[in-house]
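Have a look at this one before I ask anything.
Here the chain labels run A, B, C, D, E and F in written order, and each chain numbers its own residues starting at 1.
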Amino acid sequence: MTTPKISRYPVPKLEELPDDIRARILEVQEKAGFIPNVFLTLAHRPDEFRAFFAYHDALMLKEGGLTKAEREMIVVATSGANDCVYCVVAHGAILRVYAKDPLVADQVATNYRKADITPRQKVMLEFALKVALHSAELVDADFDKLRAHGFSDEDIWDIGAITAFFALSNRMANLITMRPNDEFYLLGRMPKK
Amino acid sequence: MTTPKISRYPVPKLEELPDDIRARILEVQEKAGFIPNVFLTLAHRPDEFRAFFAYHDALMLKEGGLTKAEREMIVVATSGANDCVYCVVAHGAILRVYAKDPLVADQVATNYRKADITPRQKVMLEFALKVALHSAELVDADFDKLRAHGFSDEDIWDIGAITAFFALSNRMANLITMRPNDEFYLLGRMPKK
Amino acid sequence: MTTPKISRYPVPKLEELPDDIRARILEVQEKAGFIPNVFLTLAHRPDEFRAFFAYHDALMLKEGGLTKAEREMIVVATSGANDCVYCVVAHGAILRVYAKDPLVADQVATNYRKADITPRQKVMLEFALKVALHSAELVDADFDKLRAHGFSDEDIWDIGAITAFFALSNRMANLITMRPNDEFYLLGRMPKK
Amino acid sequence: MTTPKISRYPVPKLEELPDDIRARILEVQEKAGFIPNVFLTLAHRPDEFRAFFAYHDALMLKEGGLTKAEREMIVVATSGANDCVYCVVAHGAILRVYAKDPLVADQVATNYRKADITPRQKVMLEFALKVALHSAELVDADFDKLRAHGFSDEDIWDIGAITAFFALSNRMANLITMRPNDEFYLLGRMPKK
Amino acid sequence: MTTPKISRYPVPKLEELPDDIRARILEVQEKAGFIPNVFLTLAHRPDEFRAFFAYHDALMLKEGGLTKAEREMIVVATSGANDCVYCVVAHGAILRVYAKDPLVADQVATNYRKADITPRQKVMLEFALKVALHSAELVDADFDKLRAHGFSDEDIWDIGAITAFFALSNRMANLITMRPNDEFYLLGRMPKK
Amino acid sequence: MTTPKISRYPVPKLEELPDDIRARILEVQEKAGFIPNVFLTLAHRPDEFRAFFAYHDALMLKEGGLTKAEREMIVVATSGANDCVYCVVAHGAILRVYAKDPLVADQVATNYRKADITPRQKVMLEFALKVALHSAELVDADFDKLRAHGFSDEDIWDIGAITAFFALSNRMANLITMRPNDEFYLLGRMPKK
């Protein structure tokens, strides 16, 4: 059996990569136990790679009113709406880990309205999906609804910006047929005790 | 921690059910090790329950040109398009088991074009999604394309009828907020050896 | 002039059919004066035929809060949304007969908002069309709106389940190009006196 | 029982109308046996009335490569796509009369692909629906397909212009809730001999 | 460099045209300094030309509660939704001139929600876009919302009728690939002082 | 008259900004004669600002098979599809300047099929719009079509990645109601000589 391709495009070898990119990738591998394919496949274009992960980190690693699990919920819900296999599978795994909940990712990827999340989180995802699918229709009332559920204006920027970043990310993954690593499918699926 | 509800509607107790329905449910429990919630929640209406499972069995258990895994692919792909959490999760599990493939269900539920399936299966799912989403637009050319990939006219009826049955099933699950059993999420996820 | 085909698929002769199916068909013929093509065309698959009509009868012939005309309104409105010629024409006829109204079927098939029906019936059809077209988006507020117009939870199940069943039925009719009998077009069109 | 309103807007009495408009209306009444509501309701605005019917006549009464029945098919198919009760019912009647076919209007209004019309007419309606629903996407290949079925460039202008005129007409009827006369529903429904 | 075609169809020479049409065109040329291509291209069909401009004038030149700039806003917003290059460019120019505002046309053509217009005008355009895109869904509440912003019922007819007329106009322009005159692009773009 | 807000969010003063961001902004101001609002409004979040412009530069300033005008065509066409006022107006100006064509931007923003561009550029924009609107449906045939028009695989990555980046950018602009500078509206509109 052959190993399936992880991208339509050439995938660079680690040793061919610029030092900073290779260092970043080795750090992830150290932490995760494997190299998520998004790193290897996007490394085909080093400058875009650097900007992509700088953007990712600015949104996903920063302090703020949203928990890490909530950020991943936004990723999973909007990636589901964009039918992006890589992001649904990979960020579904990360969501399960952060939320310590083996069920929530498949629910949110399919239909957040039926997920085991709070009403506040449902309002957050309703907004995110509007940004993902109909951003031109955003009006003041959409912001008011989030504020009524306790989101600050900076939280709302976070929700919108994470959605916007994964609008990019989903399109790149769909463009190059980025393949999720097999490891992601099982990660975080062991039930809570 | 409370047990989440499995339906918006009252769920009958096993002992209150008509004998034939209780027998059917106990048989499933014997085989699967648990009672899938579709049985308990639809038992709220015994006559509809009987017709539902008679229809299901007529399509999913019969002989024919489609493998059991292929039938479940149709269910998972069209249920994904209908954003039905119950069917994506429960039939995703069944698909993993029949296909002996821990990855295929999440792929097919999100985007069959990127799934580890054959070109013939992709043509099958393209047709199924047209039946699910735009059945009025079906024309002779759609049938010709399937025949060119070796599907018989009876196979095409199977593809269309399974899709049609899950058009019903997805709407019922969404109507009553049918909750997938926790067991389904992990089923069949252990990697092939 | 040749008789147009009533299905893409072979249509069994009455004498070839299993006894129970032939009996059912003869009974309908006795009552209606002709055999609606849905019976002949679906008889190509006896087991599916039995389940189909058992389901149909469980929903359309049962007691409940919806009148027979209201059930047919749901069929006609959702079949119109699915562009299903067989169901619009055949159930349009049945709706005219039950409602004793020669105009209502064409109105409901085209745009229920402009039909000669009650505000309560318009709310019922708004819900049915959401089940038909966007069932994943159903939320509690949709149920509340129906309850505010006097529908019980069991009535709501009926509305949703009839819509779900005809989601199946419309797709089968579109799949096999089921042709409505000529008799249906004129049935029930004589004005009220 | 009260007479239902035929428009959201005031409907002028015949005797209040400018002479030319009253004359036109009386002429139609003479010919049809009743006054189609489009005449009475649009007479609320005499200048628009005159332009509307001048446009209508320029397209529907002129000589050309399309038969009168084919022009009405275009009206019925595109009005069905726009869910316009007045135009589907009134022009459905006219189509039945011109085509001497009691069945074709309901078929074309619901799904032209399943109608008893020629392949050439199906290609004509496919083009009309693209003009009705996605006119910005028209490309040379759409014109070539019509030419390959024997339509001249002037015929294609006719198809497009009739569709464009009824894009206007459907929106006006939906705006003012124009009600079709009861007479239209039954017109032309007696079977061919 | 060749002059680009202004229509897929033959464009008549001024001297070949019927007198009334030539007179109308010369009058426009006198006033505007050039002949807008809509006049030359539609003159291919004199009767349709006469009806088209009679309709246009009845709606756009009449007295009423909407300013001339507001009428052009409706044209520009709905033509943007229909992706009609001729109408966006030509009526964008007219809107800039009437509104004495070099910015508003590009804003309204792209997204009226972000345009420098009043809340009342946004409600007007929201209604116009519903007429343009989903006229069958118009309900009483849509009229009530306009009335609450001070629009009379006759104003609402104007909004709806202008939208309906440009539904026709956009489809004709898209059909024949009507090309906007180069002059329109720059017209009215000099900043307010 | 008050100056309109350029963002829903606070806009930092130049002197408050980190040195690198202020330097970048002053450099742009030097070159363009004014500060495009995208710089001021996104500077509210310095880390995201840095990643945004690093990504922008990696895609828009790099060498490659696409001309600068072609890259801006992609931006304008996809921003038009996303109804983003900032990007249509600002990048429309840049497109006019690069293409030395005062007409092309309004054409491409409204409907690229009717624009004064080459058939090869139309195929490029057809692909870009598929990435923008339906990226999950990308298949090998889409790549083959571009290759048949002479695009290399690296060109295709560029087309897709520029589209993906502006999917992000359009959503950010719509989220914060980013206002285009008045200067952009007139830029590059003087006719070619």
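Some notes on this structure:
Going forward, a residue touches a chain if its C-beta (ideal position, glycine included) is under 8 Å from a C-beta of that chain, and two chains touch if they have at least 3 such contacts.
Keep in mind it's a predicted model, so treat the numbers as computed, not measured.
Shared contacts of chain D and chain E, meaning chains that touch the two of them, come down to C, F. At the chain C-chain D interface, residue numbers used by both copies make up over half of all numbers present, so the two copies contact each other through mostly the same positions.
Chain A and chain F have CA centres that are 24 Å apart. If you average the CA atoms of chain B and of chain F, the two centres end up 44 Å from each other.
Across the assembly, chain D contributes 83-84, 111, 136, 138, 174 as residues in contact with two or more other chains. Under the contact rule defined at the top, the touching pairs of chains are A-B, A-C, A-E, A-F, B-C, B-D, B-F, C-D, C-E, D-E, D-F, E-F.
Contact residues of chain B toward chain D in the complex are 136-139. Chain C contributes residues 4, 80, 83-85, 88-89, 92, 102-103, 106-107, 109-111, 114-116, 174, 177, 179, 182, 185-186, 189-191 to its touches with chain D in the complex.
Residue ranges of chain D in contact with chain B, taken from their complex: 111, 113.
The touching residues of chain E, when paired with chain D in their complex, are 8-9, 44-45, 47-48, 50-52, 54-55, 57-59, 62, 82-84, 131-132, 135-136, 138, 143, 153, 157, 160-161, 163-165, 167-172, 174-176.
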